[in-house]
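Two complexes are shown next, each including chain A; its partner changes from chain B in the first to chain C in the second.
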Partner chain A sequence: MPTRGSSFTVAVWAILRKEWRTEWRTRHGLNASLLFALTTLTAVSFAVGRLGDRTDLMGGLLWIVLLFGSLASLSHAFVREVEGRTLTFLRLVATPAAIGFGKLLFNLAFVLLLELVTVPMFLVLMGGPPPDWPPFLGLLALGGLALASTSTLVGAIVSQTRGRAALFAGVSLPLLLPVMAATVSGTRAQWQHGSIRSEVELLAGFTAAVLGASVLLYDHLWND
Partner chain B sequence: MIAKVLLFLWIAAALAAGFLWAPLVPGLGATTRVLYFHIPAAWITVVALGWSMVHSVLYLRSRRLEHDDHAAAAAELGLLFCVVATVSGAMWAKAVWHSYWNWDPRETSIFFLLLIYAAYLALRSSIENDERRARLSAVYSAIAFVTVPFLIFVVPRIYFSLHPDTIINPSGKIEMDPRIRLGFFAMLIGFTGLFAWILRLKVRLVRIERRTAERATA
Partner chain C sequence: MSSGEAAPGPAASRGAAPGRVHAAAAGAVAEPVGVPPRTGPDRTVAAGAPAFRIRASSLAHRYAPGRGLEAIDFAIASPGLIAVTGPNGSGKSTLLRIVAGLLEPSAGRCEVEIDGALLPPAARRARCGFAAPELAFYDELTVGENLEFAAEASGAVDAVARVDAALDRVGLPGRRRDRVAALSSGMKQRLRLAFAILHAPPLLLLDEPESHLDTDGREVLTQLLATQRASGLVLLATNDEREWRRADQRIELHGRGLGDPA
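Take a look at the complex of A and B:
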């Protein structure tokens, strides 16, 4: 088990800062994701045109764009260590749980940044009435957290396999389908001024379960 | 051998009881009989995936490859029974709802489940080293099983579904004709026996394969 308390927090914080620094040096994960999200958005927007009066469709399209964009790079956090042969060194200085949570926070920040750029562009390109901001932003935050926590764990798994990039999307998408179902139906509901309570409960429960399992599972990710 | 013959006779008798002796539910007509296949298959799906998860966790604790054999075999069988439940459900839906597939919450969640465990098998096939495959797929299996309660119990209860009440329904009662209930539980036991038997075969097969591979490299 990881050591609790201050040393754990310090390690998680150090790993988060290290992730940002290495990402910022090349920005190739961020660039790839943003480009992927924008091209998906272009394809979607081009294919369906402006959807001002079809708020029932916009939630689904928005989350497809966000999901595609994030999946392009979220495995990156662990794959980078494997490809740069730095994982062994990292594991010497931090516990598996600290590494996992540091990278989870990085992926969360990554998803939120992606949402920050993509969502306004989506709203502008698609037209339509403005969303009901508090539930809309809440769904983006909770959905982002569910996305980041699931894909961090899957990223850690697939970084140790062959054919990582293709496998990452193939393996994390099925796990993320319940998340998608909840975020899409919640986003649709807020546009139609309905209640998003059950969706929020589902997302929060899912995220709590995945995070709880992660605490136990990170210790088993590496053996050698 | 005797166990196999008994299992065969048991399932045959349960089927005969279900088709010839038990009455039909008013309104459902002949489609009532899907419950002798569909519900046991769905039940075995959950049992198999649970079995797989338990052995995954046991593997992570003990690091003995025997547990991984069980986890892999049970996941494959779970997927197979999940397909049976999905297809029998779709056929029933065609008869009663006039459409094979309509993304009813239960249809949605069982389809997600199929994909999640198909991904488990895809993950297994992409790792060559036995120990690493066992460890990583055990981690995935544990996280996948965390999502199962959401799919099976939460999603269909949050969203409106046309699906008939499940056996574990909100009121906690089994509303069935006594004769249907007898046939149904007999099929449930029969399916569980069938699962246990195929699982044993599958585990033995995996072990033989591994030993052959070890001998080939030695």
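Take a look at the complex of A and C:
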């Protein structure tokens, strides 16, 4: 069969497009995540009003909303394939590594979309001071990548177990604690015009380790 | 112990039972003595078609005690149609999954060679077409979108043309825009066949391909098998006597089968 140049890149791109198409048709993840973000922010806004001078609380609240909003969808990346019995189809058209990285790119795009909708809503409803945009956006991007890579790897590992939903939460949340600590601390620091160097280093190191583990593990995940 | 039984010519043309390769225990390698001659109108190897060879040595897989594929030895080569038969639970589907590289056997070896070069399990999916009852597609996508995704992910440059050709061959040209969720069981089975032949693979692994097919569908399957057996290799897992009687050779699994006392 005539093939394109890099089969890995082509397969990753095809999987990413397929993920968006199926998500757009069903909107399972988008609806759940956006509804969670909207409900949480509205409820907090009604309960405590604007938190303009409490930048310490704002960092925590923002990342709690982003973490649980994204996990509502990210946990299903591989579970959908197992429960829909489409994993065999997927394995026949792409390598495990291409499947893993295609899912990772989709999850990353999903988190970034969630941030794109949630962060402006958060800033308006909470009435915080304008962020220091370069470090703030950097934290959002790096935190999003850490969230997506960790949840993709954990989702792939637990997808074929019986108690996958409970296992996903039980395994991913402890793993994500350093990510939460670094992003919350960094977000607070940028509002207080402090340095976020140590937080960025922690996030970059953590993400590099997870991506490295992904490269090593994806090829061994679905050997029945 | 494995053994071979001769089939002196292409079984399909004679209407006789195909040569058998019994498989019950590990040990001897059974090279089917009834390898049909590679001449004649439907036995000629197509020009440029790769030569396939599959060799199993003490190959076994165990899901649980008494469940899975019991040790088996055989060696088969292209071109031809090889039937895999045996009671439910004897390991027919397991054998096909191992050959496809989807399952790592718990014992023994399964070597797939193409033009004399060993094909590692991870590389087999690009060279074989696979259709099985457990193969499901994305319900929320259309027939065409599912197959185009498969073709694109496999790196095909002419995905749309390939999908059209495959759908045409299985009699689904008008179903391209239908959601998979809206297809009947028979249509889904045809879609599995279309997926299996999408990239014109030299090796076809078909597990119960006749299930859910109507008369027209069976005719489609017959034509597909006739074309493929002439140029490549087909491994057909079935218990339908009409199907396996058309085969050139038969691998008969003697597993205990589900429901039998362990």
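Please note the rule applied: the second predicted complex is superposed on the first by the 214 of 224 C-alpha atoms of A that agree within 3 Å, B and C clash if a C-alpha of one lies under 4 Å from a C-alpha of the other, contacts with A are read in each partner's own complex, and residues count from 1 in each chain.
Quick note on the criterion: a contact is a pair of C-beta atoms (placed from the backbone, for glycine too) under 8 Å apart; a residue touches a chain by one contact, two chains touch by 3 or more.
These figures come from a predicted structure and were not determined experimentally.
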| item | value |
| --- | --- |
| Touched partner set for A:L61, first chain B, second chain C, both or neither | neither |
| Partner chain(s) touched by A:G84 [first = chain B, second = chain C, both, neither] | second |
| Which superposed partner A:I196 touches (first chain B, second chain C, both, neither) | neither |
| Touched partner set for A:A94, first chain B, second chain C, both or neither | second |
| First (chain B), second (chain C), both or neither touched by A:V111 | neither |
| Contacts of A:L167 with chain B and chain C, given as first, second, both or neither | first |
| Chain A residues contacted in one complex by chain B, in the other by chain C | 223 |
| Parts of chain A lying in touch with chain C, wherever the complex brings them together | 1-4, 7, 10-11, 13-15, 17-18, 21-22, 25-26, 84-86, 88-89, 91-95, 98, 219, 223-224 |
| Complex contact set, residues of chain A against chain B | 150, 153-154, 157-158, 160-163, 167, 170-171, 173-175, 177-178, 181, 185, 198-199, 201-202, 205-206, 209-210, 212-214, 216-217, 220-221, 223 |
| Chain A partner contacts - residues on chain B that touch it in the complex | 60, 108-109, 112, 115-116, 118-119, 122-123, 126-128, 131-132, 135-136, 138-140, 142-144, 146-147, 149-151, 154-155, 158-159 |
| Chain A contact footprint on chain C (complex, rising order) | 97, 100, 102-104, 122, 125, 130, 132, 134-141, 145-146, 149-150, 152-158, 162, 195, 199-200 |
